[in-house]
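Inspection log for the structure reproduced underneath, given as structure tokens.
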Amino acid sequence: MIHDLATTAGAAILLPLFAALVLGLVPSWRVGAIVNAVAATLTFAVVAFLPASIGQTGPLLLVDRLAVHLSLLTAFVAMTASWFSTAYVRVEVSQRRLNKARLRQYHAMFQLFCGALLAVLLSNNLGITWVAIEAATIAAALVIGLPRTAHAVEASWKFFVLCGAGIALALFGTTVLYLAALPALGPGLKAMSWTGLRQAAPTCDGAVLNLAFVFLLLGYGTKAALAPLHAWMPDAHAEGPTPMSAILSGSVLNVALFVILRLRGVMKANHAAIDPAFPLVALGLLSVLLAAFSLWPRRDVKRFFSYSSVEHAGVAAFAFGIGGPAATFAGLLHMTVHTLTKSATFQCVGRAAQMKGGQRFADITGLMSNHRALGLSLAACVIALAGLPPFGLFSSEFLVALAAVRASPWLAAVLLAGLVIAAWVQIARLQSLCLGPATADPGPVPPHAALVPVWLHLALVLALGLAMPGAVFAWFTSIAQATP
Amino acid sequence: MQHLGYGVLAYDVAHLLGGAALVASFVLLYQRRIPALINTYAAQGIILAAAAAWQGHVQHAAHLYVTAALTLFAKGAIIPVLLHRIVRALDIRRTIETALGVFPSMVLGVVLVALAIEVVLPTTLGAATLAREDLAFALSVVLLGLLMMITRRTAITQVIGFLSMENGLILAAVGVAGMPLVVEISGAFLVLAIFFVFGVFVFRIRERFDSLDVSHLDRVGEAPR
Amino acid sequence: MSAVLLLILACVVAALAALGLCAAVLPRRIALLHAVAAGLCGAGAAITLAGTPGASVALPVGLPGMAIHLALDPLSRPFLVLVFGASAAALTAATDVHGPEDVRAAPFLPVFVACMAFALLAADAFGLLLGFEAMSVASWALVLARHADAEARDAAALYLGMAAFSAACLVIAVAMLAMPSPDLTFASMRQHPPDGAWAAGVLGLATLGAGAKAGLFPLHVWLPRAHPVAPAPASALMSGAMTKVALYVLARILFDLCGDATPVWWGVPLVVLGAASATIGVLRAVLEDDLKAALACSTVENVGLIAIGFGLALAARGADLAPLAALALGAALLHVLAHGTFKTLLFLGAGAADHAAGTRLLSRLGGLVHHMPVTTGCMIAGCAALAALPPSSGFASEWMLLQSALAAPRIGGLALQTLFACAAALIALAAALAATACVRIIGVGFLGRPRVPRTAGAQEPALPVRAALIALSVLTAFIGLFPGLVLRLIDPALRHLVGGGIAATSLFIATSHDSPGYAPLAIGVLLAAGAALPLLVLRRRRMQERDAPAWACGFAASPPWLPFGDPATQYGAASFAQPVRRTLGTLMLATEQSTPADPGSPVPARLVAGFTDPAEPLLFVPVGRVRLRLSSAFDRLQFLTVRRTLSLMFAVLLLFLTAIAVLEAL
Amino acid sequence: MSTALGFVAFVLHTALMLAAAPVAAGLVRWLKGRLLGRAGPPPWQPWLEIVRLSRKQPVFAENASFVFRWAPGVVFAATLAAAALVPSFALHMTTAPIADLIVLAGLLSLGRAALALAAMDVGTAFGGIGASREMTFAAYAEPALVLVLTIFTFALLASTTNLDALAAQLHDFAFGLRVSLGLALLSLLGVALADSGRLPVDNPASHLELAMVHEAMVLEYSGPPLALLELSACLRLLLWMTLIGTLFAPFGLGPADAGPAGWLAGLLGWAFRVVVLSAALALLESTLAKMRVFRVPEFLGVAVLLALLAVVFLFVSQGFA
């Protein structure tokens, strides 16, 4: 079992955890920030080698194309977030919003969070998946509580209680799933592994699978911020430090959707069990509509974009709910493109909020008049989020609509209605952020170099949407075919 | 696994301990004062440890004894003592402020248990009877823990509701034969982490506001943001 | 169109987009870049005219795994010629850069033209929608050129919101069309036309989507608010070319992709919406005080007329009357070209007046003819076409449209016959009211005496603007006098879509081959002879003219501090429209509050007369209220306490568990 | 041979219309005078006025632009072109293929728009009143005209709006008297009264500023331009009379190539129709008073409704026949 960890996948998981330990001991926050960035970059380098070891399956680790794809995405977003974090932290300390003692905890938890996410993606054992998600939740809760404002504490308390209860249900679901696989695979690690489950799924008892599916969907649905269970997401984003929001909105939702996608595979294999399409589609649509309408009254910019994450997670869940290679392809592309765009958006918003000394729409206006580069980047990000051409979200939403119409035009109509309502308010807020009279800039003006990661992300989104190279298209198609 | 049914000692004792854990959950719902609540929680921890030990004996799985010891030590002793010290150190108001009255929440608890049994038993016809019984009791304890978190305002009772839900989970994990040790480590790890975090929270909340009443936190949430 | 010519067209589109980026980088060279862009557009128009539709080209860009195909087929060719022609004129006018607003708008103008051309060239669903939506984003940036004032921002937000709505409808419509076929190209979509309820769904969505973008009633409210705010060349292209691209999408979906076995009733919604748009559009054009808003409303009217043409063609094709269908579709497409030309001319003229007099409000303009004779002359030529006066281009398409509306009752069915008769009457009413609007725009805006000292200082615009105006006037006159030649450009589309051509020679258009028709050149000659007659008769006694103060029934001379005479003694914009408002105002929810001054009090009596577009209180305000109520309902979720959020999760858990229990019991 | 005769007929027709227009207007004025017991000016009085005006020196307002100077030419050209298209004493003249009713309506609206623009050019209140009312009333008349056209295109087999073909078909009494044709006549009479500016819509004789519509627009003109405008007004009246006569009572009208003998019969028929219509108009004007301005849309609204009723009646009857 131990030799599992000696592989590149093992290294990818252990590196951040080890970095978390080191960062726990490093006293000065400046060194900590640099180490954090270096660790994240190293992790991405290691993960870049993962495609070579696709197909490695052990009792603990399972490396298939879907896992590798999301690991690459998570590591890349973590890397750019860590670069952004170095600059962000310097400004926060200079404006005395974060005291030096807390930063050691911040960097340690940052790396623990990334390590936990990679562990979930690459694990084969349901127990490890659950423990990793638990560790990620605790790390995130501590980081969100960092700014020590009243709102931050309330946000982390809400985050912890809701996610704690959610994953408790997930643990119960894991137990029942194990119970279902017991008669076919016998006691021991095999009955707790994704490969074993997929193999034993046709022979399991459908009713037990249903029971397990309910608990697991609710548990991991909370982490995926699906509609009624999304309440922790907006507060976590608004109060926590922005680099954390960049990862939180991008990777945690993807990881939870990844687990649900694995679960969908198991459920689809068993004919007696209920078809996972209906609940997923229902929750996805509810997320899109609820987020679309909740965007309008928002006065806080980061809370506004967190609802946009809930909306796009809903679209991905909807696509996975419909099922079939085309819909899964669209859902996967949408998840990828949205993660890249959303982390770029949070980086722009973070810089703007620091510059304007506040994160309400009233504080940040008229960016284009005297900060043309930042204003243009934020405008491009929000245009991409609104699903307008030429960025990738337009193509992915087009593909999702194509798949939805194949299922039923009414579903597509409801989905696109939600997307139009959300696009409308995002355009209106974009205009208030970037255009009109400019507000004062008490904080430091970010250098142009700071926006390089943002343009990198947008370039990737543009390429993925309109000019996806053949190899990447083959990669996405093989993933879509592999996940049933 | 030999046939388990009435009259077989292993089944009867497991059934008894599961029922005891369920009763402990109801007693938690019944409490009006915080110290009594903590002691009841300690009792439930001990019952859970006994159930784990007994499962270890029945399934001849050595690791369950370790789990029993861990549970007894953590949930039976350390957490209640720490909770008592916090209550005394921060001189928290002793009475529990309830959102839903004690009797209505008890009635709701009974309904939840009925639902748990109605859901678990017909669906797990294939599994061994011992596992089905344990699962039903475990689900009931989890639902009662969740109910406790919803119907009480004070922060400490929410914490204890959360912990009793964890007890339900451990009961479920223990009940299923052959669950690998991983679950045990996670259980322990979880308990430790929760206590640590709650400790930090309590300290910080205490530092932030004067009372532990969660509703005070709610008022912070009311400002439109 | 041989592949080579098509590739050149694709390069022209790419070059236009590149020019846009250069304009962003080199703000000082904008005039030169616009000139180059105008040249490119002219070349594009020439190539499109020269080439014959045919081959298709695949681009490396496109949906993952699918390439975007470009092709020029008979339907998109006239539209592309219009877009390139109008853009060439607008870009020439745009070379006269004045003020920061034009510098901000400069990068997006060529990109806007490139996107429109791309949408027209696209031969597959994704390419069409990519170009369509990119066109909206580019023009949204143009509307935001003057983003300092909040009214421009609100108009831009409403504009792009409606564009997103229209794109969403079209995505579903196109997806429904593409469902049975293997890929998204039009060629394969034509093989599997939809039928039954599915086809009705496509009709509804296409009409809703393309109608929202073209400005059909009741989704037209954004048009009179967005167009006036954009700089002149941009609003000229938005009204002249963009609405036509939306109508192209409508024609492409309804005539081409839905096959030719569509039932007769398919024409009814378009005729009804078209008639409503025509009436409401022209009524509002007569009542608007803002010059460019009035022109935008007249765009709504003309889009309505084109929609009526499409509707009649659909109904006729459904009843297998190919000649009538060809006549109606020919009328619609000729009106597309005519309106595209003269509306661009009018907006450029209005932009010149706005820049010269510093205001767009008719109540402040006046007397521009004395210092801006060329602009006024071109505006009169444009307005003559807008008012459909013979022998202008507007009259040619109007004549064909009326002929098809008058012949439409042959399709049968009392309800349909009455509908078509009412449509014919409304077309005539729209044309007559358009004439009123034009006389008001020219009479109040350009003739008479200046109403504000600033307007008196107006001067002729720069040479490029005047060149563009004159070129467009000549083009409008050409279309007016030789519609037969222009119909030769449209004829292949008619044969391709409705299987019938139009009986038209270069000098003569007729409803069918043997019946007499309309000969614009002959009418022109007759008019010239009529005008020459009095000059010949009076030539011998050429008296010396004498100037004197205006008689005005012996009105006293104006006081010294009012050198241009008291503006109050001259008919203004509101007073000219008063008879129309007083009689047809109920349609436009006209309101008049008069507060009489009680005797002896120095407070002046006030009369406030206003109107609201009926679409706003009937559609936009209720939708806004519902959205607000839903938002506040969902917003309560945001402020739930921890406990209540948890009970929400608990409720969902119980719901699922009971579902499982019930499932088990079954 | 027939085209030459056609062309000669066309030239004669145009000359006849030009010459007869002021006389027709004078005839109406003379008849109205006689009816009111006055001696009344002789019918050729308008000719005298036109010649007098054309000798006077034109005075233009200071604020007048080229629009004011060129408008009379355009108005006269449009009205003359329209008059030339309407056959008076012979059918199938050279202009027969282009004599389309919609073109006729277009030419009339061209003349009206040119005059309205000229009225607005000087910038006086009276020009504005005249232009605004003229354009608004015209807007209500157009739908009625088009609905009447629907009757012709639908009822006739030729299904065309060409005046010559219509007159030929009507001449052969192709389909006898119909109720819808009667309603169409009434509606067309209303439109003709409004368009040519006669009572009850506009009082041609009065110079009370607030009441007049057509006169208000020509207030600033003098000398030859005024003569042209007066001639155009008379031509417009004669044009309507000829149009109604040709469409609804086309007896005596023969093809142009029937030679001078045929023309004479046509001429007599045309003269008789003009005199009858002038008398009817004079009788109408001496009994009616001018209607309040905001009643005119209702008056024209009635004309539109009559036409619509005629159309629906035709569809219903055609449906059953």
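All chains are identified by letter, namely A, B, C and D, in their written order; residue positions are counted from 1 within each chain.
Assume a contact is a pair of C-beta atoms (placed from the backbone, for glycine too) under 8 Å apart; a residue touches a chain by one contact, two chains touch by 3 or more.
All values reported here derive from a predicted model rather than from experimental measurement.
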Far-end chain from subunit C, centres as C-alpha averages: B
Averaged-CA centre spacing for the pair subunit C and subunit B, given as whole angstrom: 69
Length of the line joining the C-alpha centres of subunit B and subunit D, rounded to whole Å: 99
Intercentroid distance (Cα basis), subunit C paired with subunit A, Å: 44
Computed distance of Cα centres, subunit D from subunit A, in Å: 78
Set of subunit A residues in contact with two or more other chains: 157-158, 161, 165, 169, 207, 210-211, 297
Subunit B: positions in contact with at least two other chains: 119, 122-123, 146, 149, 158, 217, 221, 224-225
Residues of subunit D touching at least two other chains: none
Interchain contacts, given as pairs of chains that touch: A-B, A-C, B-C, C-D
Complex interface listing, subunit D residues touching subunit C: 54-63, 65-67, 72-74, 76-81, 84, 95-100, 102-103, 106-107, 109-110, 112-113, 116-117, 119-129, 131-133, 135-136, 138-143, 145-147, 149-150, 153-154, 158-162, 164-165, 209, 219-220, 223-224, 228, 293-294, 297, 304, 307-308, 311-312, 315-316, 319
In the complex with subunit A, residue positions of subunit C that touch it: 60-65, 126, 129-130, 133-134, 136-137, 140, 144, 147-148, 150, 153, 156-157, 160-161, 164-165, 168-169, 171-172, 175-176, 178-179, 201, 627-628, 630-635, 637-638, 640, 642, 645-646, 648-649, 651-653, 656-657, 659-660, 663-664
Subunit C to subunit D touching residues, read off their complex: 366-367, 369-370, 373, 376, 380, 384, 387-390, 395, 399, 402-403, 406-407, 409-410, 414, 417-418, 421-422, 424-429, 431-433, 435-436, 438-440, 442-444, 447-449, 508, 511, 515-519, 522-523, 526-531, 533-535, 538, 541, 543-553, 555, 565, 569-571, 575-580, 582-584
Touch list for subunit A against partner subunit B, complex: 125, 127-128, 130-131, 134, 138, 141-142, 145, 148, 150-151, 153-154, 156-158, 160-161, 164-165, 168-169, 171-172, 175-176, 178-179, 182-183, 186-189, 191-192, 205, 207-208, 210-211, 235, 238, 297, 299-300, 303
Interfacial residue positions of subunit B with respect to subunit C in the complex: 99, 115-116, 118-119, 122-123, 146-147, 149-150, 153, 158, 214-215, 217-218, 221-222, 224-225
